[in-house]
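See structure below.
Each chain carries a letter (A, B, C and D) given by its place in the written order, and its residues are counted from 1.
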Amino acid sequence: MSDLFRVEGLSKSFGGLAVSRNISLAMPAGERLALIGPNGAGKTTFVNLVTGQIRPSAGRVVLNGEDVTELGAVRRVRQGLVRTFQVTRLFSDMTPEEHITLTILQREGKAARILARFHGNSEVAEEVEGILGTLGLIEVARRRVGEIAYGQQRLLEIGIALALKPKVLLLDEPAAGVPSSETPRIEQALERLPPSLAVLMIEHDMDLVFRFAKRVVVLAAGEIIFEGLPSEVAANAKVREAYLGNYANARSVA
Amino acid sequence: MQTILSIGIDAFAYGMALFIICIGLSLTMGLMRVVNLAHGAFAMIAGYIASYAARDLGLGYAIAIFLAIIGTIILSIPLERFLFRRIYGSSELTQVLMTIGITFCVIGITNYFFGPTLKTIPLPESLAQPVDVGFKTIAAHRLFVMTCGLVVAAGLWYLIERTAFGIRLRATVDNAAMADALGVRTQVVYAVSFAIAIGLAAFGGVVGAEFLPIEPYYALRYMVTFLVVVSVGGAGSILGAVIACLVLGAVDTTGRYLMPEFGNFFFYAAVIAIVCIFPRGFFGKAQ
Amino acid sequence: MPSMKKLLSAAAGVLLAGSVSAAADTIRVGIIGPFSGPFALQGKNFQAGVEAYMALNGKSVKGHDIEVIYRDLPAANPAQSRALAQELVVKEKVQYLGGVYFTPDALAITPLLKQANTPLVIFNAATSAIMNQSPLVVRTSFTTAQTTTPLGKIATDRGVKKVISAVSDYGPGVDAEAAFKKSFEAAGGQVVETIRMPLNTTDFSPIMQRVRDSGAEAVFAFLPSGPTTLGFVKAYNETGLKQAGIKFFAPGDLTQESDLPALGEGALGLLTTFHYAVSHDSPENKRFVEAATKAIGSPEQLSFPSVGAYDGMHVIYKMIEATDGKQDAQKAVDAVKGLAWTSPRGPVSIDSETRHVTQNIYLREVVKGPDGKLINKEIETFPNQKDPGLATQ
Amino acid sequence: MPTMAQTEKLAAAPIPGSRAVRDVVGVILIIAAGLAGFWLFPDNLALLTRVIAVALLVLSIDLVVGYCGVATLGQAALFGAGAYAAGIACVNGVTEPLTLILIGAVAGAVAGLLMGTIMLRAHGLAQLVLSIAIVQLFHEAANKASAYTGGSDGLAGLMVGPLFGVFEFDLWGQTAYLFGLALLVVIFIVLKFVVSSPFGMLCRGIKEDPIRIGAMGAFVFPVLLKMFVISGAVAGIGGALAAISTQVVGLDSLSFELSANALVMLVLGGLGSLYGALVGTVIFMGFEHVVSAINPFHWMTMVGALLIAVVLAAPGGLSGLADRVLPSRQRNRGGRA
C-alpha cells in the first residue's frame, strides 16, 4: 500500500470494442512517469478512466489507499487527483490572477460564497502571487487570458492544477501546440513541480519525455506493451512495432 | 376498440400535420444550426398566398399549394441573402433576437395588408368530404395530410441519405471548412437547404391550415409547439421528428380525449419527461 | 443611463403633442382596447362604434367638445391596463374611461375609479363580477351568462334532453358552462358531461369523439372567437356529428360576423344566442351599420363590439349632458341609471341596481343572406333580459 | 489600466479602485435617471413602475443566462410565482408592502429551486424547451387554481397598506414608483456584489467551461441551482412589485410571452452585464410605448425592425455597442459586470 496511486486491471469497451484492456500501473509519491503511445492507442480513454470522466467496464482506481473507482470526476479532484488538459480550457475573459484565486478559493471550499469579496483575502493573494511567480506569469497576471501567449496559457493550466495542491497530477500533453521558443519555460515549470507529487505525463514529444520522466509506459491498442526506463524504450521490439507498424513516420521514437 | 382506433387515427393525422410544418425547422436547427423562430412566419406567408390564389383568384388547390411554395421561397431569398446569412454561426440568442424581429415584422406587415381576420384555403370537393373509414367518419383532407406527411418524410430521407446533394449537405454540416476545401460550395449548400426548409414550411402551412388556421399571429401562436416538437425529436433528425410528432400528437390527442381539462398538463409533463430521459431528443446528434 | 432620459423625453414630446390641441372646453374620453395584436379587429370595432356615434350625433354635447383618446392594450395584461388608465386620467386628464375588451383589464382599472373621480363605461368585458368592484362602472355590452341563459329553454323547446357542454377553459368559458347548465337543468334538461378545453387546443377531433361517445343529443359550446372557434366548428362538421343529427348551441361570440366568412358553409344552421346581429332589422341599425361600415372600412369586419362601443358613447354623452362638463363621476353614473333608449340592437336600458345593460337576447341561425354572404338571422326574441349572473348575487 | 511593473510582486491592492468607483458612479447614474424620470414624467409613473418591475425580471434572467449560460424562456414562471404569492397573501390580509415583497421573494426563490432542479438536467435546446414547458405548466396551474388565483379573470382586489404606514399606493403612483426605484437600486447593488463575489466568478467560469470548473473540483449543479434560487428571488420581487403597484395579478405574468419578451430585452441590452439588462428593458419598453402611442395599429413592425437593426449593428447588444464605441478600461481585466 505504499503506492500513492494505482490502477488495477482497468478495462473499457464501447459496444464490444475494447479500447482499454487490463491496464495496471502504480505510482509512488514523487513519481515522474510518462505515458506514450501511437495515435489511437487509447491514451485519451485512459485519462478519462483515471479522472472519472467515464466509468471502467472492469478494474479499480486506487488513490492514497482508497478505492475511488465509484467516485465521479469532481470527487477525485477533491481527493487530490488533478489533471491538465491537452487543449487548454481557460476562461478567456478572466485574468490569470482570477483563475488562480478562484481555484484556491475552490480548494478551500470558499468559492461558492456569495457574501465574500473575491479579492478580499490576503493569504489567498499571497499564494496566488507565489504560484504565478513560480511560473513567471506575474507580468501578465492582470491581462485577459485571451490576450496572453499560448505558452503562458499552458503554464496557467499547470498553475491551476498546482493551486489545487494535488497528490497525483495528470499532465495531458503539457507542451502541445506551444512554439519551440516557449517550451523551455514549460520544462522549467515541470522541473519545479513539488518533489512529493506523483506526476503522470502523457506526451508525444520524446525529448521532453526523456528529460522529464524517470519511467515510461507505452500504450498500444489499449494495452500496456512496455514499462521501464526511458533509455530502454527505443530499443524495445514491441514498441518499435507498435509505432513503426502504424506510423510510417516514426519521427519521435527514432 | 373503435374508440382507440378512432383516437389513434386522429393522433396520426395531427402528428403528420405537425411533422410537415416542423420538419423544415428541424433541418434548419439541426443541419444549419440556426434557431429560426421565424419559421412559422414563412408557413403563414404561404398560407396567405394559397388563400389568395384559391379563394380570391379561384385557382385549384394543387396550383395554390405550388404557388404558395414558390412564392414563399422567392420572398425568402432576399431575407436569406441580407438577414439570415448574417447570423449563420452567431450565438443562439442573437439568432433568437433576429428571427423574433423578423417574425414581428412579418406579423405587422401581414396585419397591415390583409387585416387580422382568419384566412381559409378552400379545399377541393374531393378533400372536403367526410369519408367513412369503417369505424369512424374522417375528413378526406386528413387522409391527404397523412399521406403528405409520409411522402415528405420518405422524400427527405432519400434526399439527405441517398443523393449527391445530401452528401454535400452532411459534409458541410459536419465540417464546413473541410467541405469547402473539398470543393463543396457551402454557401450554395446553405442557400439551397434554407430554400428547402422554407419550402417545407410553406407546404406545411398550406396543407396544415385545417389544423392550424392561417392568421397574422400564426408564427407566435404556434412557436412554442414547433420548438417543442423539434427539440423532442432531436434537431436535424427526420426519424426523430416523425416519432416526436407521433408521440406528442398521441399524448395531446389522448390527453384531450381522456381528460380535456388537463390536456396541457399531459402535454407539457410528457415533454418534460421525454426531455429529461432523452436530453438530446429522440435522435439528436451529440453537439 | 443617458439613453433613458433621452428616450423618455422623446416619449414626453409625443404625448404632449396630443395635449396641446386641447381647448379649455374640451371633454376628453379615454378608450382602452386591443388596437393591435390578435384581437385588433375587436379594437377596430370599438373605434368604429365610437366614430359612428360621433358622426351621427355630433362631436359636442351642450357646447362641450368631445375628444377621444385611444390607448392600445393588445392582450389581457392587467398591469399595462392599469398603467394606461392611470396615464389617461393623470396625464391626459380624461373625464371618462371607456372600452376594455378583457375582464382582467377591467378589474385592474376599477380600483382607480374612485380616486380618479372617473366613471368607466365597459364596451365589452363580459364577466358579471366586474360590476361589483366599483359603483362607478357601467356596462353596455353583455355578460356571457346573459346571452347564454335563453339557450336552456331553446334546447328543451327543440326536444333536446341530453346535452354535452364543451367550453374553453378560462373565465368566460366557465361562466358560459355554469349559465347554460343552470338554465338547461331548470328547463328539465340534463347536462350529461362538461368538458373544459385548454385555450390552445388546435385539434378538436378528440373532443368530438367524446361528444359522440357521450350519447348527447346536442353540444353546447363556448370558445373565444378566432382560430379556435374555426377549428371547433370544422371538427364538428368533419367528424360527422352534424350529419348524425347532433345539434349545436352556443352564445353568439362563436358566430360573430367577422368570423363567418372563414367558417364558411360549415357554419350554416348553427344556432346561437346573442344581443346583437349586424343583420338586425331596424332603422336605427341601418343607420348604425352604414356609419360604422364607413368608419371601419370594410363591411365584413363589423361585429358586436362596435355596438357596445356605440351605446357606450351614448351613455357617456348622457353623462356629459347631466354633469354639464363638470367632473363628477358619481353624478354622471347616477344620471344614467335607468336610462332607456333604442339601440341598434333593439330596446335597451341601464339597470339602476347593477348598472349593467338590460336588453333583448335573440336566437339566431346562420343562413345565407340575400347577397349570398353568411349572416346571423334572428329567429326568436327573448325580451328584456337582465344579467342573471348579477341578479343572483 | 496601468500595466504591471515587471517585478515578481503583484500590486498590493488586487482591485484597482477604478472599478469600485465605476460601480458607485453607475449606481448614482441609475438613481439620477430614476429621479429624473420622476420629475420629468410625473404623469407616466405607472408605466415607469412597470418598467422597473420588468427590469427586475430581466435582471433575474441575466443572472442565469448572462452569468451562467443557462438559456431560459420560462423566467416568467418565477416572476408570476412572486406576483401570485404576494397577491394571494394580500387578498388574505397581509397588506404591509415590505412583507409582501418578502413573500414574493421567497415564492420566487422556491419556484427557482424547482425550476432549476428540472432545467439543469438538460443542456442547450432541450433546456430551453424544459423552461418553456415549466412556464406553461405554471400558467396552467394558475388557471386551474382559480379559487386562489382568480384564473383567467385575474386576481383582483389587492388592498395594499401604506408603505411604512404613511405613504399610500395611490392613483398618481408616486409611492409605487419611488418604492420600486429604491428596490431596484438595492437589488442592483446586492447583485453587483453577488456577481463579483467568488460565487459570481465561479458562475462565469461555469458559463464558459463547466468541464474546467469540474476539473477544479467544483460541482456545477449546486452552484447553478443556487443562482437559480437567487434569480428566482429577484424575479419574485419584481412580480410582487408588479402586484403591489397594479393591485391585480393576471395570468400574463406567468406567460411564455412575458418570458420571451424579457429575454429579448436582455439580449437587446447585452448579456452578462447588469447595466445591459436595465438599458435593454428601458429601451424596449420605452420604444414600445412611444411607437404604440404614435401608431397603435402597427407598432409591432417597428419593434421587429428595431430588433433586426440591433442584430445587424450591434450583435453584442446595446451595451456591447457602448463597449466598442467607448474606449473601455475594464476590458483588460475582463470585468464585465
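Keep this in mind: contacts are C-beta pairs under 8 Å (C-beta built on N, C-alpha and C of every residue); 3 or more make two chains touch, one makes a residue touch a chain.
Just so it is clear, the model here is predicted, and its values are computed rather than measured.
A.B. asks: By label order, what chains touch chain A and chain D together?
C.D. replies: none
A.B. asks: Measuring between Cα centroids, which chain is at the maximum distance from chain C?
C.D. replies: With centres defined by C-alpha atoms, farthest from chain C sits A.
A.B. asks: Where the CA atoms of chain B average out and where those of chain D average out, how many Å apart are those spots?
C.D. replies: Distance between chain centres, rounded to whole Å: 33 Å.
A.B. asks: Whole-Å distance, chain B centre to chain C centre, using C-alpha means?
C.D. replies: Each chain reduced to its C-alpha mean, chain B and chain C end up 35 Å apart.
A.B. asks: Measuring centre to centre with CA averages, how many angstrom lie between chain A and chain C?
C.D. replies: 72
A.B. asks: For chain C, what residues touch not just one other chain but two or more?
C.D. replies: 36-37, 40, 169, 198 - these are the residues of chain C that touch more than one other chain.
A.B. asks: Which positions in chain A are in touch with at least two other chains?
C.D. replies: none
A.B. asks: Among the residues of chain D, pick out those that touch two or more other chains and give their numbers.
C.D. replies: 140, 257, 297-300
A.B. asks: Mind listing each pair of touching chains for me?
C.D. replies: According to the stated criterion, the contacting chain pairs are A-D, B-C, B-D, C-D.
A.B. asks: Could you pull out which chain D residues touch chain A in their complex?
C.D. replies: Residue list for chain D touching chain A: 1, 4, 6-10, 14-15, 193-194, 196-202, 204-205, 208-209, 211-212, 214-219, 222-223, 226, 230, 331-334, 336.
A.B. asks: In the complex, go through chain D and note every residue touching chain B.
C.D. replies: 65, 71, 118, 121-126, 128-130, 132-134, 136-137, 140, 144, 256-257, 260, 263-264, 267-268, 271, 297-308, 310-312, 315
A.B. asks: Of all residues in chain B, which touch chain D in the complex?
C.D. replies: Listed in rising order, the residues of chain B that touch chain D are 29, 35, 83, 86-87, 90, 92-94, 96-98, 100-109, 111-112, 220, 224, 227-228, 230-232, 235, 261-262, 264-265, 268-269, 271-272, 275-276, 279-281, 284, 287.
A.B. asks: Can you check the complex and tell me which residues of chain B touch chain C?
C.D. replies: Interface residues on the chain B side: 3, 6-7, 10, 13-14, 111, 115-120, 122, 130, 132, 136-139, 142, 210-213, 215-217, 221-222, 252-254, 256-257, 260-261, 263-264.
A.B. asks: Can you check the complex and tell me which residues of chain A touch chain D?
C.D. replies: Within the complex, chain A touches chain D at residues 51, 73-74, 77-78, 82-83, 85, 89-95, 97-98, 101-103, 105-107, 110-119, 125, 128-129, 132-133, 138-145, 147, 160, 164.
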